[in-house]
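Look at the two complexes coming up: subunit A is in both, with subunit B in one and subunit C in the other.
And then the complex of A and B:
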């Protein structure tokens, strides 16, 4: 049942560019897709370990800047009369580096804050995002500051024997984002259902008990943070090469809030939640724009959010799954709903 | 009692929270394969002692050694890795997961595979997963919860949750098990079955240290009893010795009891 829904959803998403020719709408879908990847990465932390990263956009933005700078090259002076010169590399190398550097940042943020956790992690991540934003704004020689990095090349896929395929059209970029999103989704799904996923769940539900059966809190949370940050970095790289211009505004707090809204409305702790929430709140502004004044759009946006959380307080996917399960079996099924994908296999 | 190897040594342990002395000076040993009970009135320091032994608290003085390793400074999960596993008075289960999934989480120590193997679904990771599922079913049968396997642990009765807690601890493959008031909230027949369970655990070579208020149960199951009062050991010995020890009787009944 779940597999059928997943296959249908993927098929539907894959078919979109075949019938949707409007470049404006396709553009909205691509940027939404990029943010959905960011939301999925946030959900890995918020939904499966219970840690709220309120500076999650930092990893996204770092991915964007690393990828842009790798493919544009730079020439900067360091203290002690050293000049650091980097010749442009192919954007695909930027994509890989974005993942690695963002993951590394996730490691240090995790290491710093997970010894104490909870509110401390929230504060460390907010501060981290703000520090990174200030660096991007003020290290003009490297980042061009508010003048932005421009002319970022599109991603080119190396095709052995055929040279390169430059992804310029909206359709090509749509499929690129779709493929990366599916990969991230599968990666997170595998992770959550693995032995490691159970350790994360144990920590979230009852940390004391989890520790007592030998689960290493700091290690588990740090690994989750690394993977989450790396995925966000990948999304940032896609963003830089698609939009082809980035400025320090990419680090704005509102971008993190948008991702949090996507996760919470869709359902944290559910794999499909950030996708559903992300599509709704990514596309809602596009849908509202032609019919409302700008001020009214934001009111409507907030109204929709409150309505969803009022009617479906656990988030769309878990709440609907719960109703569906109740209708089917007539009894309350608590566990499969809190984490819909953890269906129990029959004992061997 | 024949001479046994010593599993755990508690050596002059003291715990102070600011001015409050929870444990003033505690020394005793637990032999390998023994069932030892730690008893005493409320507030005597029993749970504090457990917390020290399992790394949740650092003692103000003294030290605990387990199978030759000093536990001071080790984190709880590192102590768990030595095979020293505890249960809890209250927080005994992962409430939102099924009983079966609870055990899979508890099997953490057995299932360590490389993360990449798990993500790629490599044969090694799959085989490990199959082993864990088999083991979880065995454990369910051992503690007698097969019929509750697919119910959320939080929906079970209090007594059943204690059993899940013990099964979780067993899942971690202990060489020594610390049980913190395991039969509180159980009725007489549940307690009786639990005593059988404790014996079957010991028969598999697992050393047991028990904190419990249910005196008949403690007297039935223990090889040896250590009595704490106001953070000090006031008596130690076999159930028969403890039953007739005047200091113990006074601690439990109060010395005013005779005069009233």
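And then the complex of A and C:
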């Protein structure tokens, strides 16, 4: 049943560019898709380890800048009269480097910030993102500061024997984002249902108990942070090569908030949650645009967030799944209630 | 040397308002365990009250401060009653996200009503600054420092010398026991949030005329308030005051001797350093309000 829904959903998403010709809507779908990837990576931390990182956009932005600078090249002076010159590399190398560098940053940030929990963790992560934003704003020689990095090349896929395929059109980019999103989804699903995934959930439920049964909490959290940051970096790279211009505003706190809203409204700790929440909140501005002034849209945005937290505090997907499970258990009196997210087989 | 003295003077003025912001947040954070993202909006709100009273209504500059404190108190109480009271007992993430939603909605509301163009307030103080040997300070900034010091003193007395303050301290230590001793914990929560909000509004009303007033001005103020709370330790008012001055000093020296572009980075670097090396805050006594 679950598999059928998944296949139908993927098929529906894959068919969109075939019948949707409106470039504005297609553009909204592509940027939403990129943010959904970011939201999925955030969900790995928030939903499966219980750590709310409000600096997640830092990894997204780092991915975007690394990818852009790799493909544009740079020439900067370092202390001690050393000049660091980098000739442009193909964008696909930028994409790979973005994932690696963002993951490395995730490692260091995780190492430092997992020393504290709760509200303190939240504030450390916000601070990290703000420091990165200020560096991007002030290190003008490298990042061009507020003038932005422009003319970022589109991603070109190397096809052996045929040269390369430049992904310029909206339809090509749509499929690129869809493929990366599916890969990230499958990776996270596989991870969550592994032994490692159970360790993550264990420490989310009860950290003291998890430690007592031999789970290395810091190591588990750090690995989750690295993978989460790497996926966010991939999303950032897609963003840079699709929009083709980035400035320090990519690090704005509101972008993190957007991802958090996508995760919480869809349902944290549910694999499909960030996708559902992401599509709703990514496309909400598109739906509101014809009827409201921009400021009023944001008021509505904040209002919808508060309303969802009051009405469906568990998120849309878990709430619906629970209702569905209850109805089925009502029909077959004593059948065990199927918990959500058990469709994927456990690895041996 | 005179440059350093000038930085110290600026630090005093800035530190006073930072301390106000920090005290307000440390009370809310410490007593209610709510990560209050609306704190910055209240700061903005206070500044706009100043603008309305002085520029739009044409009333006295000195009247505007009490009006801003009262308006902040009312708005804070309204937020607590409508958003936080129904969520009593939810986990800290849920209330934090509701506060984020309120912050987005209220900030956009400010933008909608007053537009994005920065506003300034004319003050009754003379243009020429007060010159003291090698350093100078404007009369407006002196007034800001004096008013902030007075508000800090009032809050200190309120917490330590009144029965409301005693009930707040009891609630901070153990709200169940406080409740058993006849403390109306719901009322304490509402009062705490209202007092904290009125202090944020006061800080905005004081700093608004020094700089300019615009809808996003509260965002940085909020993060700085968090830095101060972390520096001083949760619920520690004296710590918040000292934290406010330390942050102001770090910003002044950072802007003066490193690069003015990194002025605002100081708060964040302090947060990261303190939480890594001394997560209980610099002045951690056993956790208590006072």
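Assume the second predicted complex is superposed on the first by the 328 of 348 C-alpha atoms of A that agree within 3 Å, B and C clash if a C-alpha of one lies under 4 Å from a C-alpha of the other, contacts with A are read in each partner's own complex, and residues count from 1 in each chain.
By our rule, a contact is a pair of C-beta atoms (placed from the backbone, for glycine too) under 8 Å apart; a residue touches a chain by one contact, two chains touch by 3 or more.
Just so it is clear, the model here is predicted, and its values are computed rather than measured.
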item: Partner chain in contact with A:187 - subunit B first, subunit C second, else both or neither; value: first
item: Subunit B versus subunit C as contact partner of A:208, first or second or both or neither; value: first
item: Per-residue contact with subunit A, leading partner among subunit C and subunit B; value: C
item: First (subunit B), second (subunit C), both or neither touched by A:195; value: first
item: Which superposed partner A:20 touches (first subunit B, second subunit C, both, neither); value: neither
item: Touching partner for A:309 - first (subunit B), second (subunit C), both, neither; value: second
item: Touched partner set for A:295, first subunit B, second subunit C, both or neither; value: second
item: Touching partner for A:257 - first (subunit B), second (subunit C), both, neither; value: second
item: Which superposed partner A:130 touches (first subunit B, second subunit C, both, neither); value: second
item: Subunit A residues contacted in one complex by subunit B, in the other by subunit C; value: none
item: Complex contact set, residues of subunit C against subunit A; value: 29, 33, 35, 83, 86-87, 90, 92-94, 96-98, 100-109, 111-112, 219, 223, 226-227, 230, 259, 261-262, 264-265, 267-269, 271-272, 275-276, 279
item: Subunit A - residues contacting subunit C, complex; value: 52, 112-113, 115-116, 118-120, 122-124, 126-128, 130-131, 134-135, 137-138, 253-254, 257, 260-261, 264, 293, 295-299, 301-303, 305-306, 309-310, 313
item: Residue ranges of subunit A in contact with subunit B within the complex; value: 187, 190-191, 194-196, 198-199, 201-202, 205-206, 208-217, 223, 334-335, 338-339, 342, 344-345, 347-348
item: Touching residues (chain side subunit B, partner subunit A) in the complex; value: 54, 56, 75-77, 80-81, 85-88, 91-98, 100-101, 104-106, 108-109, 111-113, 115, 118-121, 125, 128-130, 132-134, 136-137, 140, 149-150, 152, 154-155, 165, 168-169, 171-172
